[in-house]
Amino acid sequence: MNATFAVLTRELRLALRSGGGAGLGLAFFLIVVMLIPFGVGPFPSLLAQIAPGTLWIAALLACLLSLDRLFQADFEDGTLDILALSPMPLEGLVAIKATAHWLTTGLPLVIAAPVLGITLNLPSNAYWWLVISLAVGTPALSFLGAIGAALTVGIRRGGLLLSLLVLPLYIPTLIFGARTVTAAVEGVDVMPAFLLLAGVTLLTLALTPIAAAAALRMHMR
Amino acid sequence: MSIWEFANPVRFMRLTGKVLPWITVLAIGCLAVGLIWGFFFTPEAINFGSTVKIIYIHVPAATLAINAWVLMFVASLIWLIRRHHVSALVARAAAPVGMTLTLIALITGAIWGGPMWGTYWEWDPRLTSFLVLFVFYLGYMALWEAIDEPDKAADLTAVLTMVGTVFAVISRYAVNFWNQGLHQGASLSLDKEEHVADVYYQPLLLTMAGFFFLFLALVFLRTRTEIRARRIIALQLQEAN
Amino acid sequence: MTLNVSNLTCYRAGRLIFSDQNFTIDPGETVMLRGPNGSGKSTLLRALAGMQPFEGDVILNGVTLADDLDGVQEQIAYAGHLDAIKPQLTVGENLTFWAQLFEGGSISDAIEQFALEEIWDRPAHACSAGQKRRLGLARLVVSGRVLWLLDEPTVSLDTETTARFAQIIKTHCAGGGMAMIATHIDLGLDTPREIVLDPSAMRKSTPSRDPFLSGDWE
């Protein structure tokens, strides 16, 4: 427990001290959402209709931003070798690092999303479900991203490849997440979409530490 | 003689060298007979006209596009568990073939959908799933290309295949959930054999067999090329030592 | 507490690095690993740490590396070319983290032995290369592991610190520890045993086990 806490605090400290930390993803989120009305026109009813999808896609892209550094820095400065020898299993390490990524990237998006929802004229009955769906869905984005980050660690220009590998894996989360909010807007039952979203997240949390740790071990030898 | 003997590159080369010409002949034969029969000697369908005949390419390509991924999954699993090099190379060799078949299925679908649905592209669950599959193939091939060490590349692409398979299956159902296929009445789902009349069914079986043999021949051919490439690298390293 | 290595052979990217290394390290013993550049010193150390595929048997304290990777790795401390230091954190934060993670050795010993008190609150990016190396090596002490695998540990250390480090290795071994050190310089340890990797002696003699070379090709 002590070691888990030590890794988590260190990850958070590193994220906050390097290059803007949480603020950067948040700024990106804001910019993407801001660009949408420029692209489709300033029509309140149209924006209201596309608001759930827009917010979800913007959150998804913002999550992707800082992923390529998740293991890359540790790989480059030799930390990964030492962590592999430490008493903590690599699977646990992956889970903690992905959690730290979510706390510094996903969580701020969850908090900021309702504010941006107002700018997109999101109907008032959907705000709770927007926050809940993002809170439940974005951890899956961080954990799936950990797989991509582990696969592409040590690869030149790995960032672009990471997006190509990770974005298709985001499809189920995006579909169920955006559908939850849309259902809330339409006033139909949100539960089917929401429960499927939660299911995908739980599966991801269980599966990705194993896969990402396997990939990291393959890279280290 | 166990099946694992083919995991030895030399044995694999010897065996496939012998059977490859026969498979190629079978592929050409089945395709030629099946396509000519299908295109010129079947009646035009009442509702569809001659456009229906594209199923002789569309259906086999679509079927094999999925099965190519299944083959990659099995081959990757064998590599991860038993570390047979040929298995990893089969997976690598199958990917571009599978990608091309996916593309063929998408393009023939669009050509058929143009006159039938009045649109070349529809965000129909089945079409969308194939687009997703196409992206998975792209990612897999890009990862192979990005890693210098062949064994490491085989390891990592195998992990990607495992994870990708899980999420490709989930995506398939998620896509169904997302759009229940408004434009997909049962009369249009010719992918299911039971909806096809016998006159179309027999040549379709032939082209299916033809595509299967063609797929097999291409995968064997590409695997042989990969094995030779690995041998060249190994010989060069030996020389350099 | 013994390290037994027999028939250790390593390939890297299909190329034979070294073959058939046999040696034993007893408790309290320091072994110097010598050899020219490219002879495989780093590869050998990484193989012993379970971070590099190998052929042969490595048994540390009764645990076989091939069977129980974790069981061997939890007895090893490794210091490679990289210091594994985060520039954004202070010296103290860096070392405290490793101490919390490994929960093995004494952090006050490490501070004292490597004279880290004076730079304790300094951000690591403001440290000199030698100071970073001291911090990196201090991790060995806080990890509390039996076998130290050191790859060129004295790079960027001054003479005084090098002598001090030699003393730390002696203390470690006097307490029953073991150390294997790849280095070109004389650390000033009392007649340690040497293992020499000689590239010219082992090439050609070993037949390649690459599956793409063996067998009868037409």
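The letters A, B and C name the chains in turn, as written, and every chain counts its residues from 1.
Following the convention adopted for this analysis, a residue touches a chain if its C-beta (ideal position, glycine included) is under 8 Å from a C-beta of that chain, and two chains touch if they have at least 3 such contacts.
Since we're looking at a predicted model, the values are computed, not measured.
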- line: Min distance from chain CA centroid to global CA centroid: chain A
Field: B-C against A-B, pair bridged by the larger set of C-beta contacts
entry: A-B
- request: Between subunit A and subunit C, tell me the centre distance in angstrom, where each centre is the average of that chain's C-alpha atoms.
  value: 37
Interchain centroid distance [CA atoms averaged], subunit B/subunit C, Å: 48
- line: Distance in whole angstrom between the CA centres of subunit A and subunit B is 32
- request: Give every residue of subunit B touching subunit A within the complex, in rising order.
  value: 132, 135-136, 138-139, 142-143, 146-147, 152, 155-156, 159-160, 162-164, 166-168, 170-171, 174-175, 177-178
- prompt: For subunit B, which residues count as touching subunit C in their complex?
  reply: 8-11, 13-14, 85, 149, 227, 230-231, 233-235, 237-238, 240-241
- request: In the complex, go through subunit C and note every residue touching subunit A.
  value: 49, 51-53, 70, 73-74, 76-78, 80-86, 88-89, 93, 96-98, 100-103, 139
Statement: The subunit A residues in contact with subunit C across the complex are 2-3, 5-7, 10, 13-14, 17-18, 73, 76-79, 81-89, 220-221
Field: subunit A to subunit B touching residues, read off their complex
entry: 147, 151-152, 155-158, 161, 164-165, 167-169, 171-172, 175-176, 179, 192-193, 196, 200, 203, 207-208, 211, 214-215, 218-219
